[in-house]
């Protein structure tokens, strides 16, 4: 595989994660970093031996093949549109946008210019979930009927973050919406959401929930149930389970270690890995390699922009359902 | 504890289960069996050294302290009312009735005559679920927030049974409604149901579903999610999991044995116990002892008729929700 | 199957266990109990609706088909010989005797009179170990190579008991010797023992060990390793694991319940069942049924007296090895 | 921490493993590679951006701080001696030597010249075993009594390798000897070995065994049992379990993934990771960092040459025991 020259837009927390995971392959070389905070861009660039440059400069540089967008969500649509217009391949962090309307416009623009765009749903590349998906697609439990996703964060983010996050459904459960659509092959027909602020009253005061259960129903009757909490306390609880016509497949948590201690107090094993950095670092590496390979071979992106829009449509429907108390249909116009 | 003389009404499958589990204690003696099918009553009575008698005869016999009602569901309300009027203590199989309206009348009648009635929600007496409940009530994971119940049967019943069963919610999920109300201390404020006939089209043709997910929301925002399927294939899947403010409690399946085989094909462990007889025989024994003890001591029944009505109210709400596509409130008049 | 009339010799702890487990089947009726302590015999007999009688009386009663010997070990050989001479079928608790020499004489006597004798190695009838054995015999992991048995008691017995027990190898590891011979189809060629009194100095002062590891080697090179401790603290640790040419089979502990609690302190599961009563009650029931069936059908006993002697020969060799510091051969004359 | 300049002696399989794991830290820079096979040295050097140089040249280069010896075992003693004489810090792969006598001379030489030498027992740095050791040292199960190590390779090496390996005890079980001495704080008083060629007759023909059980007994009575097989079939089986006065600690296998599939055929989980590269890559990285830190700070090496000699003394004793059929004492002169 040829080596691609790539740039990173966004030098914040998730940008730094990507900068690190991008080094696991020699199929790309990270040559430039941009950030609205010039100091952050400088620091990260220095650390990885790249150059801090402006977004404009990067997009204008014909030698750069691809960009990874890890900026704040409200800039995603604009950067995807500009980067593809400049001929770059794009890997953009989730979610596509907070506004479904704007995301649909971005989808239209990208499909018009034909450049490849991938959305960074990292969990699809976790080796455990990938193994579950492969077994499911291989028919090992027959036809899927009932899917369950458990996804709990160890602790709630600051309320300041919650306020700009788009809410639990667009920021956190968006991963699970994608996982469900990925498992069951497309968007559901309808979505019902329930939730409350049981963990942090200030999240409730900010108009969001921190505990939620969402039911997705497909046109053929298949059902998915997603449970989210902003606080598991014991770590990052990330599980999937699917009942099929011939059996059950599940992916359990990854634990800190394999040690068990048995005393009169019981048998104590390790907790799940604490958070996404510990749990998904390998997934980020695989994600990046999968993107590079698709760019190089011209294959369909492993996670398309259209799929990113579908997950956002689910989040939009869930948000409406939570507020209205009614089940909300996912209509074709919501999927682009 | 004094030895109580008891009679069994109903000599069918579940009656035979009770006849067997009742022998585990010497605190009661099963002296009479009644059944509309006289031959069935005779056979069971002979087997256990009791007498086959008519219901009328049993209720008129002042030496009989208590009756266990294991007849068909449509006779429960009538028998509860008559037995308590005759001064008997009653343990009645779930559900109280298929009609919430009739169950509420029975509740009123029983509360008027003051005799003790227990509803046979056997799962509360499973040692695993009882241990989970004790840990939860002991505050080991703090305040409850998000409850999940997975309850899959190994294989669907004949459609002839489905037609008279009252449907999945009244017949099967009724157990899980009780479990949820038991865990969270009372009935929820609202219920949303989704379901489909994915396993057996004839169940769908009979107007019922075989795969369902129900969300219950309490007035304070706590949420429970129940998943049911009439067909797990691999056995009886019976799990509970509850997220609290300080951690997670779960009760896993009971497996056929503890053997593990590791070969190039992977690590193979045993399946869950096949069905309720294997899984809950011990629970039926504990249930019966708990009933006898409450009768003897005069303590509140471990599962009250009022609680049986609450579970039925949930089933009623779920049924309405499934048909209307809307969330249904549990109003005070539904709880008696 | 016809119902056998049986008597119980010995009304102590293990006699009471058997009296209880014998009630699980209707294939036998326990009609008489004998004990040197007449009061103990009376009490147990009253409890189960049998008669307290003398051993002589029982052996002289032609209507009694079989006896279960649960008296002190030093009486086993004598009672086996007398009971078989009186025409009874015999189930005798382990070990056959503390003296290999005397056990060999008993074996000769029994083989001369031809009556069926079974030795009560209850663990063979544990559903978990039985499932492991069936899988092993079914060739699921190919040919056996390396066997491991872990067998730890929760707490050491009183030193007064240790002094008359014949020592760890004859009293406790005798079970594991039988298990190893059962798994690998006959006695090993040699035995090496190591041990120490690490748990209770008074056990060391009494000339015994409380912690031991024994290696058994078969003529064809197969190896078994047995580990024993008189104190696990957390309960009764009973595990078997066997490596074969195609994989590994293991039987894990049976836990008190299936509940798991995950908090910041880790994931806590239940301990193993506390001791043999909890763990092996079902095994005692199956053992008794297996004995009755062999008596009725005339089939070979599920555990023969000859096998009981082989286990004792292993214990004898281990004891000699511990004291001499050398590996001890199991010679044909030790097996009868 | 300052960056150390280091050289790698040996560009074979294990040398390549180290070359890769050494890149995980920026605390060292691998500048030179030597190998008797010049082409192998060139290839590896090119790949990692280092220079292929002769051993002489490397040892004479004062700018090189440390060397990692990953050459064939028969060269270890010579290279350790020469490298330390040249003032280098040394990390040498296990075992120190095949000859205990020669290893003792090397120990004397190194202690005379005072340079730091570490032996590469990688398993101590596995995060799971390290967590077990930390819990044990922290007193979480009280005083250690009975240690069990299970260590099975997935498949036997070619017999050509076996012939030059020094045999199972010096080549494979050497890891477990070190683990046992590490856990129990020093060498045992005596060793008993049993073994056979059950997997590969050609290994037997070459005078070695492929299946073995070794018992180590410490002066105070503590016991360790090590089981080795050259063929587990299902992968790399690497487990440790230690019984203490207050409980049991165990480290289970690391599995390929967390997926479980339950069907009528049972519950299937993933196998253990296949071999040492998959299981211990992280351990090699941690090992290297631990070496660098000790070199930089002047702290005692995490695994001393003396400890490497002790493991070899155990292997020597086990070999003698296997051949003589007797227990072999570890005498002070064997430990240097």
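As written, the chains take the letters A, B, C and D, and residue 1 is the first residue of each chain.
What we mean here is this: contacts are C-beta pairs under 8 Å (C-beta built on N, C-alpha and C of every residue); 3 or more make two chains touch, one makes a residue touch a chain.
Chain identities (UniProt): A, B, C, D = Inositol 2-dehydrogenase.
Keep in mind the model is a prediction, meaning the values are calculated, not measured.
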What chains, if any, are shared contacts of chain A (Inositol 2-dehydrogenase) and chain D (Inositol 2-dehydrogenase)? B, C
Higher C-beta contact count, A-C or A-B? A-B
Geometric centre distance via CA averages, chain B (Inositol 2-dehydrogenase)-chain A (Inositol 2-dehydrogenase), whole Å: 41
So, what's the distance in Å between the C-alpha centres of chain C (Inositol 2-dehydrogenase) and chain A (Inositol 2-dehydrogenase)? 58
So which stretches of chain A (Inositol 2-dehydrogenase) touch two or more other chains? 233-234, 246-248, 262-264, 270
Mind listing the chain A (Inositol 2-dehydrogenase) positions that touch chain D (Inositol 2-dehydrogenase) in their complex? 127-128, 131-132, 135, 140-141, 246-254, 256-264, 270
Quick check: in the complex, which residue numbers of chain D (Inositol 2-dehydrogenase) touch chain B (Inositol 2-dehydrogenase)? 233-234, 255, 262-272
Residues of chain A (Inositol 2-dehydrogenase) defined as touching chain B (Inositol 2-dehydrogenase) within the complex: 143, 145-146, 148, 150, 152, 192, 194-199, 211-213, 215, 217, 220-223, 225, 227, 229, 231-234, 237, 243, 245-248, 325-327
